[in-house]
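Two complexes come next, and they have one chain in common, chain A, joined by chain B in the first and chain C in the second.
Our next item is the complex of A and B:
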């Protein structure tokens, strides 16, 4: 009697592998292998045509002696930290507001999601127009109405301001995601907690610090770590808005696909980025997913 | 009295807060729509309502009125000169003719659609069987597969770009237009496969196993049970994931910009529009109309899947 059951188990296992194998095969060849081959490529002078030549640690040497690399690492850190803090705080604020009942709340809730779902390319053009030196409303208000600047200029193209614009853009684009996750958790808080607190005479602030925040702690933590990971990878949202903010992915892109096409160096930078990323991912996996 | 007044104050304050949040979120969209409907002389006007509605940009992008010419008066006078040959007249006119070649929006739209559609379709089909396997069938290693999928999802495209490009070049795929298109479909499919597997896996765990079991007791094979029971039951979630995958591919710029550079015929919307924006000047009306037309299908699709997607996206963090 035992044999057929054992057979069934074996059959199931075989079927399981058969069904999942195509996916694993594809992920293996086109994700795992390429990431690994960055290691290999980073020791070569990579050429478009002809064979690559082995150059040892030269790529790494070139990178760490290049002040541009450290500038871009620094830019990346500022970008990632401020966008993560910004999206989380704004998302939290908006979630708290949208958790209150009011008329047409469903409409408000859908409209807020628009920045997150709209294609990057579309909204990037809209932002570019808003900050356009000739036609944009931002220059109209700051120059003609508020006299903050003496004359119109290209704010997005100006290295002094472009990083700020890129950060604000990313916060605008991604806060709905934070808002969505936080709102979901807020709605699951039992209202009787607040009622009990009311009876005890707790102020709104006390209720927030002692009831709401502890409830949100876990989601907030996972949000922050996910945002750190994702924003560290961001390319489109920076590059399409302005090419003057060189976060790490943009720097890699310029190194590898413009000028001298230093793909070997590009691979080396990608690898460095990979190790920084792994660190955050492991935190996420350990603390949030608790594997 | 005092209580009442603070109440009213509080309500107005709250109302203003809600309105400003909404305005902050949608202002760029209003700006986009507004500029797409304005004439050039109206662009610098900060008012969002066009003085005169101008539909030319949309007409041009969608391929109506391609022959309509916008020739300045001075050039018209020049053209009236009888000494000018027909040929040179034609040449001058061509400079002002806005044809599909100048702004091939529909071509980009079609390319983006085809690439995204096939990438999403293949990845969803693979994901259905893959996710079913690691949620329903028992074998050693299935837990690691499920986790590995999420792990892979965290790596950004830039880490894959150089090696994948090298692979495409060295294998010869990047040297033909068809090969490049196929390469991009495969890359997009891979980029969305991990998240599809992950979201579908989460969903399959919520379907009661007894349904498949009873089908199999009645003599269905496992594969048949998947096709006849699991897939129809999961259709809302499957279509959600399909659309989500479609949206990711529709937005992709990084790989498109590297792989498509020498094949203008298969430019996608993000890459095509950005190249046009950089190479031409004073095309705000058309760029904005193109932005509206690029965003509209995505926003409509999102409205369809909103509920399911919100659930799927928030699952990973709230558990």
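Our next item is the complex of A and C:
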């Protein structure tokens, strides 16, 4: 039987649509609708009971005139940059070490994954116990035993140190992901490349820069971009550990869901956050990755 | 004609049914015919308390097979956002157990069924309630209420009587004695602290601060609802409080730090009468935590006699006396379905019958005190499972419970309810101010200006 090619193409196209339609439907309901609803809300004064009033760009105006917004934007930027650089570098370092042969390597490899696998809430509580100013082991050792500090202080709660703690926590918790991705790529590099380099008399550093790094380039690029997105939107790790660090998502939460429920303003911040993220990512992709 | 007769019969039947309910008083039958299911949000989060509440609900369901009640636990701090979500989704639960502040807040948002609430209060008997408790949930239009008072606690300073005696210090009841003792016992080098007052951006901070501010006649509003926040009295209170916080354990602190007291590392702490329960548990635990049963535990700081060495001061004095407490109430919300409304109301009424009420209050003896007159003398009530009331004695208990009538709040000035205070409370303006000063090192005057402008913004809305 002869079926004209154009007809076959058409049928293929129809089949394709049929196959993707359920996903489009689900994505539409779960992602597109909430986003559109969010955009819509950001132009309204949202009331708990009764009709919302259209107030144009007032929500946006209120936010960009709020000094707390810029503080939290600044905090967010520091948090995202430090954690992204930290997780990537630590992940890379550990992956390079774990790529070498040594005894009990299998054990070390699985232990490294623990922080990433453990549920956030349990790890957060463990950290809180460790750094508790009165009962924690950290203060006991550093103040009473080693006399590194003159007196006990609240490392996690005190706003002076809490941003650093949150950054260290995030790096410690998330570096195994970078490590896992990088180790996988490292293992796929053909050893003959290094053998050839050895014959040419290349140093260890030259081998790293001219063989390892080019191989890792795309994985590193993706890791950085994913970490940027994830950590810019990170809420639970920060909020559970301390409320002293107000990164943008935590700021949004306090605006939208506590006190007077500025849902409209919350929606507007979320949208601003979205555009800031898009802006940074575009710059990163165009200028840094040159994709 | 025949149809009218049937309608008449049905009406007659319903009316007789209703009379049965009222005449029976304690006997719990309802007029609901259709199966009704509703959620009951409670602010209790401890698993043993939830288990008790579920037993009470199941007892009621056994008596009323058409009714299904789902008990849902919502932490008080999370209640506003959960209610917000429920309102947006259009499935707000008909019955809530919540603090009076939240009740006023939700009431001013228009989600409370005021008629049904008044009806329930009248059913139970307006005069059966302590007046002070009812005042805390009254609407600005006197005579109607945002919720039905259910139980309550008073707050005060709990302190180590043995330490105070040894040091020759007076019990901490005035600004002077409190500050002196806090400074005296603060010894960070030996991991010992003077006092615990709230410094986080949470309700607890406001609870502690309110008592000090009002004891200095410092108010947020005058009786007409005008903002009088930035007064010399308020500045004194803020200065005193933030200075007192220097004798806290390091960093921002909240009620959870009471554990340091239980460990014998703190001289005083602010807490509600709920701690009586915890101290009693500690005492009960003493028997099982001896070295005989758990060899590993010998040598720990556990002090089985802590409850006996703990004193309580409910009233703080400076230029005025002030006590602080919270009334927890039951709120009936506006519902589209009349049957659900009715069922929730009937269940709420059941919760005030002696058996159910005393069972509920016994979940936390000392913490949950009756708001109905006559209960505190009831032998069933005084015979709590933990033997706490016998321990503290009837007189002491009555003193604590009577404190419920004397509670002073920022939101009620000379008997007038200031609705705007609900928003100020739930936005944690005062705790934020305390946090900025004590933790971020901001200066008192500019932070008070900031707080005043935030308050003005809320009042302006």
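Just so we're on the same page, the second predicted complex is superposed on the first by the 252 of 291 C-alpha atoms of A that agree within 3 Å, B and C clash if a C-alpha of one lies under 4 Å from a C-alpha of the other, contacts with A are read in each partner's own complex, and residues count from 1 in each chain.
Operating definition for what follows: a contact is a pair of C-beta atoms (placed from the backbone, for glycine too) under 8 Å apart; a residue touches a chain by one contact, two chains touch by 3 or more.
The structure presented is a predicted model; accordingly, all values stated were derived computationally and were not measured.
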{"item": "Fit-or-clash call for chain B and chain C when the two complexes are aligned on chain A", "value": "clash"}
{"item": "First (chain B), second (chain C), both or neither touched by A:172", "value": "first"}
{"item": "Partner chain in contact with A:275 - chain B first, chain C second, else both or neither", "value": "neither"}
{"item": "Which superposed partner A:6 touches (first chain B, second chain C, both, neither)", "value": "neither"}
{"item": "Partner chain in contact with A:244 - chain B first, chain C second, else both or neither", "value": "second"}
{"item": "A:257 touches, of chain B and chain C: first, second, both or neither?", "value": "both"}
{"item": "Superposition-derived comparison: chain B or chain C, residues of chain A touched", "value": "B"}
{"item": "First, second, both or neither for A:151, with chain B first and chain C second", "value": "second"}
{"item": "Touched partner set for A:159, first chain B, second chain C, both or neither", "value": "second"}
{"item": "Partner chain in contact with A:106 - chain B first, chain C second, else both or neither", "value": "neither"}
{"item": "Which of chain B and chain C A:135 touches, first, second, both or neither", "value": "both"}
{"item": "Steric overlap of chain B with chain C in the superposed model, located at which of 60-68, 96-104, 150-158 or 222-230", "value": "96-104"}
{"item": "Chain B/chain C common contact set on chain A", "value": "48, 134-135, 257, 263"}
{"item": "Chain A-touching residues of chain C, taken from the complex the two chains share", "value": "80-81, 83-84, 87, 109-111, 188-189, 191, 193, 200-201, 249-253, 257, 259-260, 263, 265, 423, 426-428, 439-440, 458, 461"}
{"item": "Residue ranges of chain A touching chain B (in the complex, touch as defined)", "value": "9, 12-13, 15-20, 22-24, 26-27, 30-35, 37-38, 41, 46, 48, 94, 97, 100, 102, 108, 110-115, 117-123, 125-127, 129-130, 132, 134-135, 137, 140-141, 172, 176-177, 180-181, 184-185, 218-219, 222-223, 226, 229-230, 232-236, 239-240, 248-249, 252-253, 256-257, 263, 266-267, 270, 273-274, 277, 281, 284-285, 288-289, 291"}
{"item": "Complex contact set, residues of chain A against chain C", "value": "48-50, 133-135, 151-154, 156-159, 243-244, 257-261, 263"}
{"item": "Residue ranges of chain B in contact with chain A within the complex", "value": "14, 17-18, 21-22, 24-29, 31-32, 35, 43-44, 46, 126-127, 129-130, 132-134, 137-140, 142, 145, 147, 149-152, 154-167, 169, 186-187, 189-190, 193-194, 197, 222, 247, 250-254, 257-258, 269-270, 273-274, 277, 284, 287-288, 290-292, 294-295, 298-299, 302-303, 306, 310, 313-314, 316-318"}
